[in-house]
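Okay, so chain A shows up in both of these, paired with chain B first and chain C after.
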Partner chain A sequence: MPTSRSTRIVLYVYGILVIAFLYLPLVSVSFASVSKARYLSFPIRRYSTKWYGEALKSSTVSELVSTSLTIAVLVTVISVVIAFFGALAFARYDWRHRTLFQKFILLPIFFPQTVLGLALLMWFNSLGIIPSWKTAVVAHLVWIAPIATLIVAIRAYSFDPALEEAARDMGAGTLSILREITLPLLAPGLVSAGLFAFLLSWGNFPLSLFTTGADSTLPEWLYAKMVSGYSPLVPTLGVMSVVGSFLLIFTALALAWLVRANREARAAQQ
Partner chain B sequence: MNRLDRKLGLLSALPLTAVLALSFVAPMLVVAIFSVMPQKVFSFANMPDFSSYRVFLEQGYYKSLMWSVGMAFAATLILLVLCWPLAYGMAKVFGRFTLVLTIAVVASLFVSENIRLFGWVLTLMKGGLIEGHLRAFTGISFDTPLYGVPIIVFGLVYVYLPFMLFPLAQGIAMVPDDTRQAAYDLGASRWQVLWQIEVPLAAPGIVVGSLLSFVLACGALAESKILGGQAVIAIADDIETAFTFGQNWPLGSALSVILIVIIGVLALYGVGRVDLDAIMGRRR
Partner chain C sequence: MDSTALLRLRGIVKKFGSFTALNGIDLEIREGEFFTIVGPSGSGKSTLIRLLVGMDDLTEGTIWLRGERIDQTPANLRPTCMVFQSLALFPHMNVGQNIEFPLKLRKVAPQRRRERVNELLDLLRLPRSYYDKRIAQCSGGERQRVALARALAFDPEILFFDEPLSALDYRLRKTLEKELKDLHARTGKTFVYITHSLEEAMVMSDRIAIMREGRFEQIAVADEIYNRPVSRFVAEFMGEVNLFEIRADAGGTLSGKALEIAPDARLDALAPGTEALLMVRPEYLRFDGPGERFEFALSGTLHGEYALGSRIQYEIETETGMVTVEKLREDRVRLKEGQPVRVGFDAADTHVIAEPA
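Our next item is the complex of A and B:
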């Protein structure tokens, strides 16, 4: 039964309301970030961008950003490499323990991250490792590498193994098949997995909380300020972090669109 | 299944398995061992006893566990009802709008949970976005809904919405249109189609979505701390306190083990029932 016109309209409106619901708190944060007063109260009487200036000048902020960035970049690179192979084991090859492997890598995703962070803290302690931003990379990987693997796996499901078999029949070795056939076919999945890995690591708080030791990431610092009392820098840094992430997403989407448009145009020419 | 596939499968599973063995399985073992150590020790070199589990029962920690589980359950039910129409729209009705919705929802996931919850505080507090503007324009004022159990459930619903929405949409997409059409042609009512066709056929998505939201909400911490003003203590909060202020690793470990067992049993039961290949779109 085709959905009636009125039902469709109601569903569209509902969808728009849900998006509004998801983004309403960010609207409040953005307003708060341009309020001049040290103690926030709505409606905002005087607007100013001075907190942005302060944030850019502050050395604490640049330190927080560079720690978060280092962790996120390392997590991204390692996750993508692990996810490439992990996805092949998840979706492509038929091997004996495949279903067990699929379920095993889902466990960390289901796991409460605070508890995972604490467990890692005790584990590092019993190994004699002093927590720092490096241990936070390991902590992020436990959660993010499986997610990246799932994202690449979705792509790996949709490619035709006959392509690899054809290359093998023509005498290509395993490594050159991986390089020449599998890698290019999975590339879009790897790019989105990398994007996810970077953004999830950049915004992660519960895993960093116990595993960064004396170092601190941006979300950790924001949380500490939120719990211990208001700082006008909290909304400002929040907005800057969000805008940064969204710029990255839109750049990626625009690039993906350009690549596709380019390919279609070339196909049309031929 | 040829021999080469078997070898390559095993080889390519190695990196991820190694990472998870070293930094997921091993820490869990450490937690399990610590949970049977005497109170307030920091090494394994002690005679095991089960004092931490006694403390859990005697000092009322089970109350936090019940609050966490109860609130997670409420949030999951609300999410199911809230997400069903939208997931239905995404799977069957919206065309390009599905893509817009997906991007909007996924993008919101990349914003740190802290910032989003803090945004709700600014929205709902006295003198916040809603109350402040209402009072300035109409003179009407209301008490802030912050700092209570309902607002914590609200926070859980807000944060875990994507984890219910996407699996649910995936599940509903698995319901063939022909089957629904046939049911309608045979005179089934809207409710009959929902309960006898759509819900059973979309079950894998319902199971995965509910499980994800429930499990994540059980271990949630930030909602009760930031929005709830600690009106009730969540179990994850107790675990954190035991490790930090309490300096009692064995107690923290025992509380973690109890939470892990509840979550683990549910997750294994649920995941064991679902065909991952089918839900992720395997062709063969």
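Our next item is the complex of A and C:
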């Protein structure tokens, strides 16, 4: 159906408003990050990249980044592994309590994260485990692994079970089927699940707040500095964190585009 | 028992909970045969083929291949291969990788694999340059050929087909049916094919088994099934057919509802004192005309006339129900709807089905 002129105008205006609402706050933070002033104030009088230099030199910052990164990387790897097997149980195999499993595995996604964080903290305490970045990994996993599972399950639903049967019929054992058929077919789902897991863990505040103990992640530190003892590094680190996330997403998109272009180029050669 | 049987099934039973999908199947398939199992959906034909390739476990019975029992052998160790209804081509591999997949599993050297793929592409009349083509870029007919090539690369003792042509349009299906028959002749392999289309089965098969509710109703060559069905089910499954109730009294005199029967008409297949169904295919019915004499005749009115390409079909309303007559287009008879007509046939045109109406 061709869209009329007035519909198009409404759609454009709507689109611009949505983008403005979503991104204007980020833009103002990035302005704040290049202000020379020690405290957050608008309008900005003098611009400077001084705080970026400070951030890169600061040992606090590198410690924060390394804690956040360690947690995010571990969460990513573990959730992708859990998601792979979880998605097969979720979508590929028919078994007796599958629908119950499907409901239970999705439930943690809808828990309020603060409640989940608090509950886990109490649980760690009663088990005598001292909270640290390691317990935060566990906490993140409780929330993120189900999301990753769901993402891989969507991919698993879309592939024909006859493919695995055909491979078996032609002589492939369980391991060969996994390596030659199941893994390659689920690969796009695993990559997006990994990306989601990393970004959700990297930016997570409520779960980390309760479960990192003496360690601190980047979002926790940003919050703490806003509440008391403001540091001019807050907007700087905020922007660096967002830019890092965007870079990751764009890298993934670029890779997907490259793979597709390469495939089409090979097909065009014939 | 046929000693030359390649595949032999004895007393196959398959139950899903309380539902019996296969109810005592006995079958022998000969080496090099094109054997087709036909049945409506839900008759158990797909269940049977899944048991034969090892995709499902049977509840009772035994399967022998060349005298070796295989019913407990897992699918990946059976020397059989199936072309799936969905074809199950691997979307992440190109045409060549799909075809050589079974060879790769057997660790055949890449050089030799490539040669074999080329041979198979030639055999299936696909250009060798298709090796690098992606499955998504292949047409329906090409995918069919790739699936066949892959199954042949496996070099199975028996090649099974699970309705692989059902998703294709009519013309392509007709072409591929003939190609498949031709391929069977050229490779000399044993093909076991399942379909719900008897027409498809007739074109390709050496022998046909008609399946109904988990049992075989009749196993025979195509002509026999068409001309001498054992039951109403088989006769009706085989396309348009006219069935009349017929009775012979103790003296052998015939009578049937709405039928005018000549006094000298005889049906040798009908024992005195019994009832049966008299089958006449529509093409054997003749319209009354000057000098025409029938052993069996019916009167009624013309209900409608339908053009079926090379043939014309007439439906005639009679006292015993709708009767179908078919003529070649060149033998078309000009009739008006509602016009009274008389049609007839002779004993030689009929087949007696010993099944009381």
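We adopt the following convention: the second predicted complex is superposed on the first by the 264 of 270 C-alpha atoms of A that agree within 3 Å, B and C clash if a C-alpha of one lies under 4 Å from a C-alpha of the other, contacts with A are read in each partner's own complex, and residues count from 1 in each chain.
One rule holds in what follows: a contact is a pair of C-beta atoms (placed from the backbone, for glycine too) under 8 Å apart; a residue touches a chain by one contact, two chains touch by 3 or more.
Source: prediction; values computed, not measured.
Trainee: Quick one: chain B and chain C on chain A, clash or fit?
Mentor: fit
Trainee: In the superposed arrangement, does A:Ala166 touch chain B (first), chain C (second), both or neither?
Mentor: second
Trainee: Determine, for the superposed model, which of the two partners chain B and chain C contacts more residues of chain A.
Mentor: Counting residues of chain A touched by each partner, the higher count goes to B.
Trainee: A:Val191 in the overlay: touching chain B, chain C, both, or neither? Say first, second, both or neither.
Mentor: Neither partner.
Trainee: Which partner does A:Tyr12 reach: the first (chain B), the second (chain C), both, or neither?
Mentor: In the superposition, A:Tyr12 contacts chain B only.
Trainee: When the two structures are overlaid on chain A, which partner does A:Ala139 contact: first (chain B), second (chain C), both, or neither?
Mentor: A:Ala139 sits against chain B, while chain C stays out of touch.
Trainee: Taking the superposition as given, does A:Ile181 touch the first partner, chain B, the second, chain C, both, or neither?
Mentor: The second partner, chain C, only.
Trainee: When the two structures are overlaid on chain A, which partner does A:Val242 contact: first (chain B), second (chain C), both, or neither?
Mentor: Only chain B is touched by A:Val242; chain C is not.
Trainee: In the combined three-chain superposition, what is the angle centred on chain A between chain B and chain C, taking C-alpha centres, to the nearest 10 degrees?
Mentor: Result: 90 degrees at the vertex chain A.
Trainee: Report the closest approach of chain B and chain C over their C-alpha atoms in the superposed model, as a whole number of Å.
Mentor: In this superposition, no C-alpha atom of chain B lies closer than 7 Å to one of chain C.
Trainee: Overlap of the chain B and chain C footprints on chain A, residue-wise?
Mentor: The overlap between the chain B and chain C interfaces on chain A is empty, containing no residue.
Trainee: If we count contacts the way the header does, which residues on chain C are in touch with chain A in the complex?
Mentor: 53-55, 74-77, 80-82, 84-86, 88, 90-92, 101-102, 105-106, 129, 132-134, 137, 150, 154
Trainee: Which part of chain A faces chain C closely enough to touch in the complex?
Mentor: 160, 162-163, 165-173, 176, 180-181, 184-185, 263, 266-267, 269-270
Trainee: Give the list of chain A residues in touch with chain B in this complex.
Mentor: Residues of chain A touching chain B: 1, 3, 7-8, 11-12, 14-15, 18-19, 21-29, 31-32, 40-43, 81-83, 85-86, 88-89, 91-99, 101-108, 110-116, 118-123, 125-126, 138-139, 141-142, 145-146, 149-150, 153-154, 157-158, 174, 199-200, 202-206, 210, 218-219, 222-223, 226-227, 234-235, 238, 241-242, 245-246, 249, 253.
Trainee: In their shared complex, at which residues does chain B touch chain A?
Mentor: 1-2, 4-17, 19-20, 23-24, 26-28, 30-31, 34, 42-44, 85-86, 88-90, 92-94, 97, 101, 103-105, 107-120, 122-123, 127-129, 131-133, 136, 158, 161, 180-181, 184, 211-212, 215-216, 218-222, 225-226, 236, 239-240, 243, 249, 252-253, 256, 259-260, 263-264, 267-268, 271-272, 276-277, 280-283
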